[in-house]
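Shared between the two complexes below is subunit A, which has subunit B as its partner in the first and subunit C in the second.
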Partner chain A sequence: MGSNIFAYSIRRIVAGVPVVLIVVFLTFALTYLTPGDAAVYLAGDDATPEQVQEVRSSLGLDRPFLEQFLTWLVGLFSGNLGNSLVLPQTVGEALLIRAEPTIMLALFAQVIAVALAVPLGVLAGKFYGGRFDRAVNVFAVAGIAVPPFVVGIGLILLLSVVLALFPATGYVRLEDGLLGSLGSLVMPAIALGLAQAAFIVRITRSTMKEVFSSDFILAATMRGFSEKRIVLKHVVRAGIGPTISAIGVSFATLINGAIVVEIVFNIPGLGRLLTSAVESRDVPILQGLLLVITVAYVLLNILTDVVQAAVNPKVSF
Partner chain B sequence: MLLQVQDLSINYASSAGRVHAVDNLSLSVGEGEIIAVVGESGSGKSSVGLAIPGLITASIATISGSIWFKGEEISRLPSHDLRKFRGKEISMIFQNARAALNPVRTVGDQLLETLQTRDKDLSASRARARALELFELVGISDPITRLGAYPHQLSGGMCQRVMIALAVSLDPSLLIADEPTSALDVTVKVQILQLLKRLTAQIGTSIIIITHDLNVARALADRVAVMYAGQIVELGPAVDVLKTPKMPYTQALFQSLPRLGGERGEQLAAIPGQPPNLTAPPQGCRFADRCPHAANICQSAPELFGITDSRKARCFFPHDSLLRAQTSFNQPEEPKAAIS
Partner chain C sequence: MLKKRLRKIPSGVGAGIVAFWLFVAYILPIFVDLDPLATFPVERLSPPSAEFLLGTDQFGRSMLDRIAAGARISLEVGAFTTILAAAIGITIGLIGGYVKYLGGLLMRVTDGLMAFPGALFAIVLVAVFGQGFLQIVFALTVTFVPTFARITYGEVLALQGAGYVRNAVSVGCTTPRVIVRHILPNLIPSLIVQATFVCATAIIVEASLGFIGAGLAPPDPSWGVMVSEGQAFMRVAWWVLVFPCLAIASLIFGLCLLGDKISDRVEGRGAKTGAETAEGVVS
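Up next is the complex of A and B:
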């Protein structure tokens, strides 16, 4: 089975390559077609049209679309994503530096979300329709309705301004210590994690409710097992599949959420890089970012399916 | 008495209103006794079976009455205290065997779990040996491979056999078997019936067997209880009830002739008309609408009248039917003879 999963993963990764290329091409085309470019931004507000044109040709932005795209592709296959038009870095360097806070934030938020959503969802499913379940449902609706940045601002006001527990904004890099780094992310991770949890808990709650009322749980009860054994070894094990899918799918919203939360908390991650690159029309950066995000999506999807197959004996490769 | 059910009523909550699925039912089961419960679909057989070990919770239905097991009123116990009865004392073969097996765990895993959590001293290798023995006992060929199978990889009949192995694995005092042989072919069915008989003979297990198959009732049961619309309508020794049913419903039910070849056993007859709507059951005799003998008095509810010392029928006019004379019921001793 192990080698099966391996072969399956390889096949899925190969199948993902065209998807990545298509997405990258489309974004390339879109940035090309929208008015305004980096030359305008770099030349400044007072520049004459001639000066702008000069900057543009020095950056190679006046060359035909296909030529620009192919140059970029060739670079990609030799591991070179090009240079930023605005920042004093290559695209690769910029991405690498900015990836750490985002990955840390995303993982931290997702850990909070899963740790919160799975137990809450299982218990809500067990007491479906009861008071606890209704409370969880309110949380799920609120968590989806209230955007993370609102929660984030609320947290800043409460924990930083009023209680002075955490620094309001900024990020401590990993090389300066894991704890400090996590500490700097507590509030943004909670803000983001709550929204993620709200999404996951809805799925968990409804599938667990089904499992709790199924015949095989009645049969397990009839064998005299403890409550704990029934919940952990029978209910959760049988009903965790949709939750795993939900966790996988929720990474998509996580990336969106991270962008906003990074702005609120002033975290120098990929989200902030994305907004500034859009502002300055830094096309190479945008390309690199979208490449990274698309690849991350594809890999997460594959990972979700593999984990899914591991917990569900009916799925085979 | 091992088990005494007194005035059990079960009202399910449903969108169409309260379903009066079981009405004031009383039944007792002696040590080592086998009782067959027969009746049409929807008559409340499974509901009674599920209610005895407390598997119908207050969120699904309102239950009244009392259930006594080995002198203890188990219907008063909280579910935590019921645990020690479940599995070891009272065990159950569920009607839908496949649905009663955990789909994401192998059947062997589920059987070993049952053996080992209920007997902490059982070593892994002894548990495995016992599991293999149980699989052989219920007629599972190639038991070593089958231990590693998931329910979806097994046929319906195979799931049923696994279910039976699980139910008898802890040598229960009372086994509630809800249609245990419905998906099995004749040879395996005979084997299972013999297994159940042996359980009673060797360790004194009492059995409540719920079945549509009169041959199963005849081969196994000491007594038969016939259910109609949530009530017991006839109760007595299997020999007598099957041979000379007294209540018109039972007579109609047993009217079917053995099928040619008898492959699937003798099934209960289809009776013209519909059983009453259990959200608003009739005040009088519940069978009146379909009864050829109904009279004015049947507008009031008949009790379960005693006819002889051991026989009871819920009818104002219990009588022998001429039909029985035409359908010869032989009384074989062995299940094998009953089915062939």
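Up next is the complex of A and C:
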């Protein structure tokens, strides 16, 4: 069994390689779509065409497409994502500095989401069609309908402007204490977590409903097992698979949401880096962000599949 | 029985909300003179009144006029993106399913495109191409083409094995005829469900782009831009912030309810629910 899962993991990783290669290629191709290249930008506004040409050849931008791609690819493998056009750091350094708040926010939000969605989803599945279930359903639709930045603004209005409970914005770095850091993220994490919970709860609710009405749960009830034992040992274990993949898949919405929520709460994370790069058209930064996040997403999806296979004996591999 | 009746109510609400916004965006301007850019400097940040039903913003522009104009932007971004992405995606899916040697390559590229987290990809594309309406629609279209291509491709492969399709081929139907008469009609239910959710997501992403300053820019009355501008005044003029927020939330809520309803209707005909498909890919 263990070796099977190992073989399955290897197969999933190998299957992911072409996807990553295509992602890398498409990301590189973005440079070619930009109107005006980096040389024009770096040479400055009053540079002569000759000067621009000089910068261009010093950057290697006059080489053929394929050669440039290969150079870039070799750089990638040695961990070099290129240089920012504007910031004093390399792309890799810029990403590293800004990654902490975003990762903290994303993890915190996902923890809130799972803690909220799984119990709600299980209970809604148990009382399917009842009043509680309908309330959960309304929450699920509303959570998807109201974008996290609107929820965030609602929270600021309610908790800091009206009730004055939390500071509206800002971030405390991890090195200044975990609790303070988490404290500064409470509102943004709730704003983001609610949207994530809405997505996850839909999946949990519909699979749990199926499990609750299945024969083996009826059999367990007839044998006189306590309700608690049935729910925790049988229902959750049998029905948790789709929820796990929902948690994995929702990483994409999580990152997208985190970027926008950061702007609402003025958190200096990857979202800020993204918006400033958009403003200055800093294409290397944009490429780096897109590439790192997408590859992380692909890896996470593979991990999700493997975890799901490990938890659910029904998944064949 | 009860469940059936319950399902009926939200469908009315969803369709009603969407119809309301269509009315505000396209019918209202015929009867009322709306100008989202006209400024009344004396009336800056005045609260809702008989003259300005939803108040005015920091430049003394009517919030009502701006929200109506914003509805137009949102609906058009949603509609154009959905139509373009569906047209291109379905074509790619059909080619993928029918032209074997191209199919593999096309679907691998689709996989690659799909691996990008939706909104992030759209933001980067808009940054590369420029922050105009057409560029945003283009970026969103590229983002959502894979969704439609995947579904079409999957269904085409499944349907090629179906008895009636093989019959049609064996009695000498040409490939175009098989596609138009036998394959496409079966795709329509799942594609319509998908389209509702792509439309909703495109509207959310456009608003988010405007909000973070990566989409349409002031003074364009995009709802996202309005929320972003209104944030600075939330302690003194709630209406500048709250009305655009409500507008976004209600339109998306309506579209989601409508999509759920449609997906309930076509359930069991092979359609995936929106939550399983659109939301996982997007935003």
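In the analysis below, the second predicted complex is superposed on the first by the 260 of 317 C-alpha atoms of A that agree within 3 Å, B and C clash if a C-alpha of one lies under 4 Å from a C-alpha of the other, contacts with A are read in each partner's own complex, and residues count from 1 in each chain.
Here is the rule we go by: contacts are C-beta pairs under 8 Å (C-beta built on N, C-alpha and C of every residue); 3 or more make two chains touch, one makes a residue touch a chain.
Predicted model, so just to flag it, every value in this text is computed and none were measured.
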Three-chain arrangement built on subunit A, subunit B and subunit C clash or fit: fit
Superposition-derived comparison: subunit B or subunit C, residues of subunit A touched: C
Which superposed partner A:146 touches (first subunit B, second subunit C, both, neither): second
Touching partner for A:110 - first (subunit B), second (subunit C), both, neither: neither
Touched partner set for A:226, first subunit B, second subunit C, both or neither: first
Subunit B versus subunit C as contact partner of A:181, first or second or both or neither: neither
First, second, both or neither for A:207, with subunit B first and subunit C second: neither
Subunit B versus subunit C as contact partner of A:102, first or second or both or neither: neither
Partner chain(s) touched by A:215 [first = subunit B, second = subunit C, both, neither]: first
Which of subunit B and subunit C A:275 touches, first, second, both or neither: second
Per-pair minimum CA distance [subunit C against subunit B, superposed on A] in Å: 7
Shared contact residues on subunit A - subunit B and subunit C: 129
Residue ranges of subunit A touching subunit B (in the complex, touch as defined): 129, 214-216, 218-227, 229, 233-234, 237-238, 311-314
Residue ranges of subunit C in contact with subunit A within the complex: 2-3, 6, 108-109, 111-113, 115-121, 123-130, 200, 204, 207-208, 211-214, 227, 231, 234-235, 238, 241-242, 245, 248-249, 252-253, 255-257, 260, 275-276, 279-283
Subunit A-facing residues of subunit B, complex: 50, 53, 55, 59, 80, 83-88, 91-92, 94, 96, 99-106, 113-114, 117-118, 150, 152, 163, 166, 170
List of subunit A residues in touch with subunit C within their complex: 18-23, 25-26, 30, 33-35, 129, 134, 141-142, 144-147, 149-150, 153-154, 156-157, 161, 199, 202-203, 246, 249-253, 255-257, 259-260, 263-264, 271, 274-275, 277-279, 281, 283, 286-287, 289-290, 293-294, 297-298
